[in-house]
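If you scroll down you'll find the structure; I have some questions about it.
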Amino acid sequence: MTQPLDQMHTNPFDDDKLREECGVFGVIGTADAANFTALGLHALQHRGQEAGGIVTHDETLGFNSVRRFGYVRDNFTSAKIMEQLPGDLSIGHVRYSTAGSKGNTAMRDVQPFFGEFSMGGAAIAHNGNITNANSLRKELIGRGSIFQSSSDSECIIHLMARSLQQNIPQRMEDALRRVEGAFSIVAMTQTQLIGVRDPLGVRPLVLGQLGDGWVLSSETCALDITGAEFVREIHPGEMVVITANGVESSYPFRPARPRFCVFEHIYFSRPDSILGGRSVYETREAIGRELAKEAPVEADLVCPVPDSGTPAAIGFSLESGIPYAMGIIRNQYMGRTFIEPSEQIRNMGVRLKLNVNRALIRGKRVILVDDSVVRGTTSRKIKEMILDAGAAEVHFRIASPPTAWPCFYGVDTPDREKLLAATMSEEEMRQHLAVDSLKFISLNGLYRAVGGTDRDSAQPQYCDACFSGDYPVIPSDQISSGFQMKAAE
Amino acid sequence: MTQPLDQMHTNPFDDDKLREECGVFGVIGTADAANFTALGLHALQHRGQEAGGIVTHDETLGFNSVRRFGYVRDNFTSAKIMEQLPGDLSIGHVRYSTAGSKGNTAMRDVQPFFGEFSMGGAAIAHNGNITNANSLRKELIGRGSIFQSSSDSECIIHLMARSLQQNIPQRMEDALRRVEGAFSIVAMTQTQLIGVRDPLGVRPLVLGQLGDGWVLSSETCALDITGAEFVREIHPGEMVVITANGVESSYPFRPARPRFCVFEHIYFSRPDSILGGRSVYETREAIGRELAKEAPVEADLVCPVPDSGTPAAIGFSLESGIPYAMGIIRNQYMGRTFIEPSEQIRNMGVRLKLNVNRALIRGKRVILVDDSVVRGTTSRKIKEMILDAGAAEVHFRIASPPTAWPCFYGVDTPDREKLLAATMSEEEMRQHLAVDSLKFISLNGLYRAVGGTDRDSAQPQYCDACFSGDYPVIPSDQISSGFQMKAAE
Amino acid sequence: MTQPLDQMHTNPFDDDKLREECGVFGVIGTADAANFTALGLHALQHRGQEAGGIVTHDETLGFNSVRRFGYVRDNFTSAKIMEQLPGDLSIGHVRYSTAGSKGNTAMRDVQPFFGEFSMGGAAIAHNGNITNANSLRKELIGRGSIFQSSSDSECIIHLMARSLQQNIPQRMEDALRRVEGAFSIVAMTQTQLIGVRDPLGVRPLVLGQLGDGWVLSSETCALDITGAEFVREIHPGEMVVITANGVESSYPFRPARPRFCVFEHIYFSRPDSILGGRSVYETREAIGRELAKEAPVEADLVCPVPDSGTPAAIGFSLESGIPYAMGIIRNQYMGRTFIEPSEQIRNMGVRLKLNVNRALIRGKRVILVDDSVVRGTTSRKIKEMILDAGAAEVHFRIASPPTAWPCFYGVDTPDREKLLAATMSEEEMRQHLAVDSLKFISLNGLYRAVGGTDRDSAQPQYCDACFSGDYPVIPSDQISSGFQMKAAE
Amino acid sequence: MTQPLDQMHTNPFDDDKLREECGVFGVIGTADAANFTALGLHALQHRGQEAGGIVTHDETLGFNSVRRFGYVRDNFTSAKIMEQLPGDLSIGHVRYSTAGSKGNTAMRDVQPFFGEFSMGGAAIAHNGNITNANSLRKELIGRGSIFQSSSDSECIIHLMARSLQQNIPQRMEDALRRVEGAFSIVAMTQTQLIGVRDPLGVRPLVLGQLGDGWVLSSETCALDITGAEFVREIHPGEMVVITANGVESSYPFRPARPRFCVFEHIYFSRPDSILGGRSVYETREAIGRELAKEAPVEADLVCPVPDSGTPAAIGFSLESGIPYAMGIIRNQYMGRTFIEPSEQIRNMGVRLKLNVNRALIRGKRVILVDDSVVRGTTSRKIKEMILDAGAAEVHFRIASPPTAWPCFYGVDTPDREKLLAATMSEEEMRQHLAVDSLKFISLNGLYRAVGGTDRDSAQPQYCDACFSGDYPVIPSDQISSGFQMKAAE
């Protein structure tokens, strides 16, 4: 019925990209809330393709929930399914799998999670990661809680169940004060839609207005598809409780200086979403322009590595004056699992997804612009295809600094030793990829393109741990498991 | 198991595009021929997404065949299926549905077709259309043939069965001399791979070399994925019979002046395929440059209508100097069937597939470049989205002349009265779409961009019937059904 | 979608039974004809479980057809499928697979077959086998016919297509006169329902009345489910053409003495069907009584081998006075494919389907009554289970003579050398099965129980080739393939 | 993949039968424990057809679990699934749906349930019902437990989680002392297989030996299929903890006089299972004999209502001397969902499953023996079919007393007002069914047939609440919901 799992990653280089693990959406005060949620999740599908879930509440029919593996468009489009989700209040979630939950029990890990308390039920979904989940879990089990999933998010529900507060938002505050990490939450009770961002505001969450109702979403692109108007971003450390009477805002956490995830600007967010008052597309174009200034090179063509390198490549072309061209064509009917003939085809895996525009490339000096290099495996294959097609020179330009540290805040990263930049200098990487030149944008260059100013190394404006190793929230569980933080300099 | 039919059209505006109906591929002289055919068909998937079939021949196991609805990647990737297709000789086919074969008997219409003759079996697949199929069918039934499908192609098999020739290629010649229309054929016997193009060479067919073996394919992009080297195009009116001993060429038809389909350059073929010695991408970029010369306009941004308008938009930008930008973002997880909430969403159908880059577009004068306008329904919706996003002006530039006539040569076209250009002038269309300006490239401009010279109106170099109404092969069956040809001028 | 093949055989010992290969049903003159056909085929499911097909004709919508692998109840019960089958005239077919058509092309072999002639279309389905199909097929291919299936039945359609007669029933007569074998046919044109039995009447076919309409069916049990009244059996060699005006009967074949299949009485037909004016159940009970007279034995219990041995076991008990008991219980949720644990379970295959009533059997002398012994593999395992449970003695009584010859008239029989009785005497079989006694009913005893009189060895009243080797129709194709007829005595 | 829900009830009259809701099985001390559990559950499928689950433990791979809707044979037979269930310790469960858990969250309600405690994990499955589940649930939620299912069984896990005992069997004792109702439990820790019966022993549970290992099962028929030897029944109120060192028995509950469910003898258990040292088949035959003595009638045939009436009908025939015959034939390919033609078929629902043996029945006086009458809907339809077929007289004999009270101990019963015997006397029921006579066995007659002596009305030997309204465990939750107990007499 749904697509096999191995077709679910639609970025051609997913093995070689960081992956956002979740997207959240919620709506209150409109008929057919679940239909809006389905649309919103469809627009957020790039944030998590493995599974999705929607919970609704209807005054007479109570809470209802459907959770499914596979794409939103394959699960939440039939009348049969959507009729199971009545009501004018709804939240939803899309997610990637994490290593811990593979196999047949994984449906238990699909959010939103639901808990029944003395004062009624609540559903909760989050984007991010709780960095002290293991120790919280151990403590809760010792006190008689039964965990049903391997998800870090389930801790929040159990903490809420044990709170002595008499209403659900207060119980959630109680619970969240015990929790460390990065988390943007949407939750719902029978009458309330709730949104929370962690004190540093690492992950995004925005507020929109939909007629007389309200919407919460990870990104603004999901407002556009539902016809909602963008109101504002939820502030770091803010909790909003939305009812028929409107939006109430509070700040339950100890104040902290925001550290928004800079990688949302580089790759995670959709180019048509708005972050910090500007389209992500424009920011990426600006990164490309900055990169052209920092690392110019003489060449005949600027080609993006499709599709995520495209805006930066356009910016690079505009800044440098070198013509932009589609030197690599992506097969829009992607597949991963063809059986290789016994007479092996060189780089068959990449050919299934990409083809070089041979007649165009032949004899040309080509600049390839990509958003990031993680393990470098795909970069190497693309370079080979370009050279096979007869390119005279290949120059890589990367629209982010070297990715040298894993992310523990809701992003799927390879182990540190698998990150190319963790063990090699830029020149070593160039030799490893065997290209004529390789340049990454500098951390300061990135900050300028994104926010206009250099990085404040004392109090950085963003979370850039994946580049700098500077983790704004201590990853306790990971350290218990043996992860070594960067030595103080 | 396979995807539902309504998700199979991946072009966001398929209701508003002409659609190529078929792609063909064949290979001889290599182990695991079917695996190569599967890869080739995957690369040709844009030519037909509804169904696909592969036939193989193995010396000890004889002929085998698998035909399935759905994408190549979903059907011809499992070991279980591919093991049913042993042998070193194989042909395959991808196809669109045609109106006549909808419903539960349609599997009978999925090619390749197979026939058992006294001297052995043969399988055949074609891209194109037989324009006298109805009268041939009637004649054959009268003489005792039993038709199993509603496909025009089945006539060829029955004509071959009744031929008195003693070998299969000669029987095919006999049969094809009775047939009118446009057809590029790949066929196979137990030992031969056969390729034929109709005398005018309306549809493409190319020859490639794969190690010691040979490949036939609708387009060169399928050579690239299999690692085959491009040798040459099969000539109009040529039949090639390929065996272990090499390629034998003959010209069984009355000679005629070639009329290759110009729309292959505009839209059907993949941009990374090579036609006439140049990449289709470059030709489309040249069409965009020509369009910029013919129909310049002052503006802030040149934006493609994704994805097929992209190369022409890049050309337009390069020629005009107006910056290229992605003003419209395509949702890569496309869906068609979400349930619309009762509070209706304006243009919901288009929003599922596209989103306007609002922050970028606001206040700008935007040139939208599209490859063609068929019914105009989508163009109108895109214009509305662009204006809703706050664009100051919208200018449409179309990389083909007005589409005013249906194609009867293997392309799915709406009835003539549904074609916007059949009933309106350019200015009427502009008013209908309510845009600031609308310009189509001229027929001469198109010819110059594609081939370097103006159209020879006495003996046009291409088939351009969809623009000109000048049909190089009389569409007999359609005329019998009431179609009115263009009055002689 | 459909059930896996390995769950399709619901008789627990199907490997050790002869299998009827087909059931046919047709109806004319009632709204929703296909719904009646679906019900009729459901009642005939025991005659063929692998696949089923229904064709209908509607005045405005013409012919429609759905053919599917799997049970009738799984395929022809949804509104979605049945809406594709409008009209007041319909025929249908259920079938077993035959060795030749396994694999992915088998859907082509699912009946009814359809042919379009100059004077209109016709659909045809049959129960039986054409014994000269191979030579007919060769001749037809030589003359230019294209075969689409490996089914013997397709010959009839091609012979009809080449007939010079001007209406379809006459073309069918033409065709059937060329055909040898055993066949009960239901066919339909746009306005006619046609039924034919071969000259010997080997396979059954009955006529029923359904309100103002008419029904044809392999057995009367399908009349009961549809509420039709039983009218009469179609006579051997008779063709009936049924229209709005009623039933017209003709006898197109050379007259012959009837030879109805005696095995229909023993095993193939359902016990609630009526054959020769008496319920099949009563005939089987009479066989059991006759067996008790011919082969009495002292014992404590008479137990049937479920389910087909039940009526004969009841008859044996009533005649002998030995109490009837269910010593073997059939698991109604049968399975075939459990994974055997590494500590192997003795006779696991049989245990999945049967269990001995241990507490009942212990210390008892048990008579086991079965309908037939084909390969003897299951009989042996059942005997072991009974002895394991502590039975004092085991006596087998078989309600048919030894099965020593294959059937070529539409029944799936093992090769002759696999038939236990082809190579062993009764005493050798007893030793092989290691039971205290083993007795088969005599051929004369069987004839008396079925028809009241002994077998007329000069002109036998039934086809009993599987017991006697006396084949009433020469199996030409099989003789060409090396089958050795019984030497004349 | 699995069968649709509406095909899952294989008893032809499931709407008109009481239904056992669960079967349990467990095994320790043998390789491939899950394969044995799958076989055991297959043999117990009649106790629950909606869903099944298996949990295993392996020393290196820990706990694993698969739970699925549908038949055991469809879910637990593939290598792919069974490989997910490694280990030499396993428990499993089959279940019916209960009203509360219909819909898309029901997978949460499929047992076994799993809980992770400080000292390790445990899985638990039970057959029966907890009659104070609602009040326990409310209390536990108030103290911070999060329930994940609507199942009463989940209470046990939460009570265990909150116990202060230091090992799991002791925690289970703690929990079970808080629980009221009828429950036969199988549970497992990493090293122990645990079995418990409630103090009254309402539901069955038996112990078997399998090589060096041990088996627990609801019925002995599951021992037979796995090749295990029957050892003994677990005693009412007994807990057994089985490890590598053998079986340890304890009696944690306050002693009580046993009240085994008498309906297990009448209908729930399989006829080849052993209860109280005798096969259930023999007990049912004895009930039939007793019924023949209590309620004789002159007639020509004794026919069972298939299949559950068969043993009692055989007993009735043996006692009365009236011949036993299969007057009603069950269609072994049952379906529920055929589309009724617009010309309606009388009693179509029943015809799909049964057919009267018309030729046999015509003109006869027929005794129909059924095991029970619940709502009477099916009895009425069968009577009509028998009369339509021309029977001279119809006499119903029922092998149980009138079912006048719902069961609250793990059986799916209609509401009391739907039970025919709750509102009508025997004579009123006879008139309602419009038969010539109708007799139920007396409660004392039933007791004599089952146990040899009359009912001790002061201290009944069995639970017979469904007949007598005498509930041995107070159904607290039901009384809170408005159920009215029988007034004291």
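The chains carry the letters A, B, C and D, assigned in the order they are written, with residues numbered from 1 in each.
Simple rule for what comes next: contacts are C-beta pairs under 8 Å (C-beta built on N, C-alpha and C of every residue); 3 or more make two chains touch, one makes a residue touch a chain.
In this text the structure is predicted, and so the values were computed from the model without any measurement.
**Student:** Averaging each chain's C-alpha atoms to get its centre, pick out the one most distant from chain B.
**Tutor:** D
**Student:** Taking the mean of the CA coordinates per chain, how far is chain A from chain C in Å?
**Tutor:** 62
**Student:** Any idea how many Å lie between the Cα centroids of chain C and chain D?
**Tutor:** Computed value for the inter-centroid distance: 37 Å.
**Student:** Find the geometric centre of each of chain A and chain D from their Cα atoms only, then give the gap between the two centres in Å, rounded to an integer.
**Tutor:** Distance between chain centres: 50 Å.
**Student:** Which positions in chain C touch two or more other chains at once?
**Tutor:** Residues: none.
**Student:** What topology does the chain contact graph adopt: line, ring, star, complete, or other?
**Tutor:** Looks like a ring, each chain touching just two neighbours.
**Student:** Identify every two-chain combination in which the chains touch.
**Tutor:** Chain pairs that touch: A-B, A-D, B-C, C-D.
**Student:** Touching residues of chain B toward chain C in the complex: what are they?
**Tutor:** Within the complex, chain B contacts chain C at residues 1, 64-66, 84, 103-105, 107, 115-118, 141-142, 144-148, 157-158, 161-162.
**Student:** So in the complex, which bits of chain B are touching chain A?
**Tutor:** Spelled out, the residues of chain B in touch with chain A are 3, 7, 10, 30-32, 35-36, 38-39, 42-43, 45-46, 49, 71-74, 76-79, 82, 211, 221, 224-227, 270-272, 274, 277-279, 281-282, 285, 307, 310-311, 314, 318, 323-326, 329, 331-343, 345-346, 348, 351-352, 355-360.
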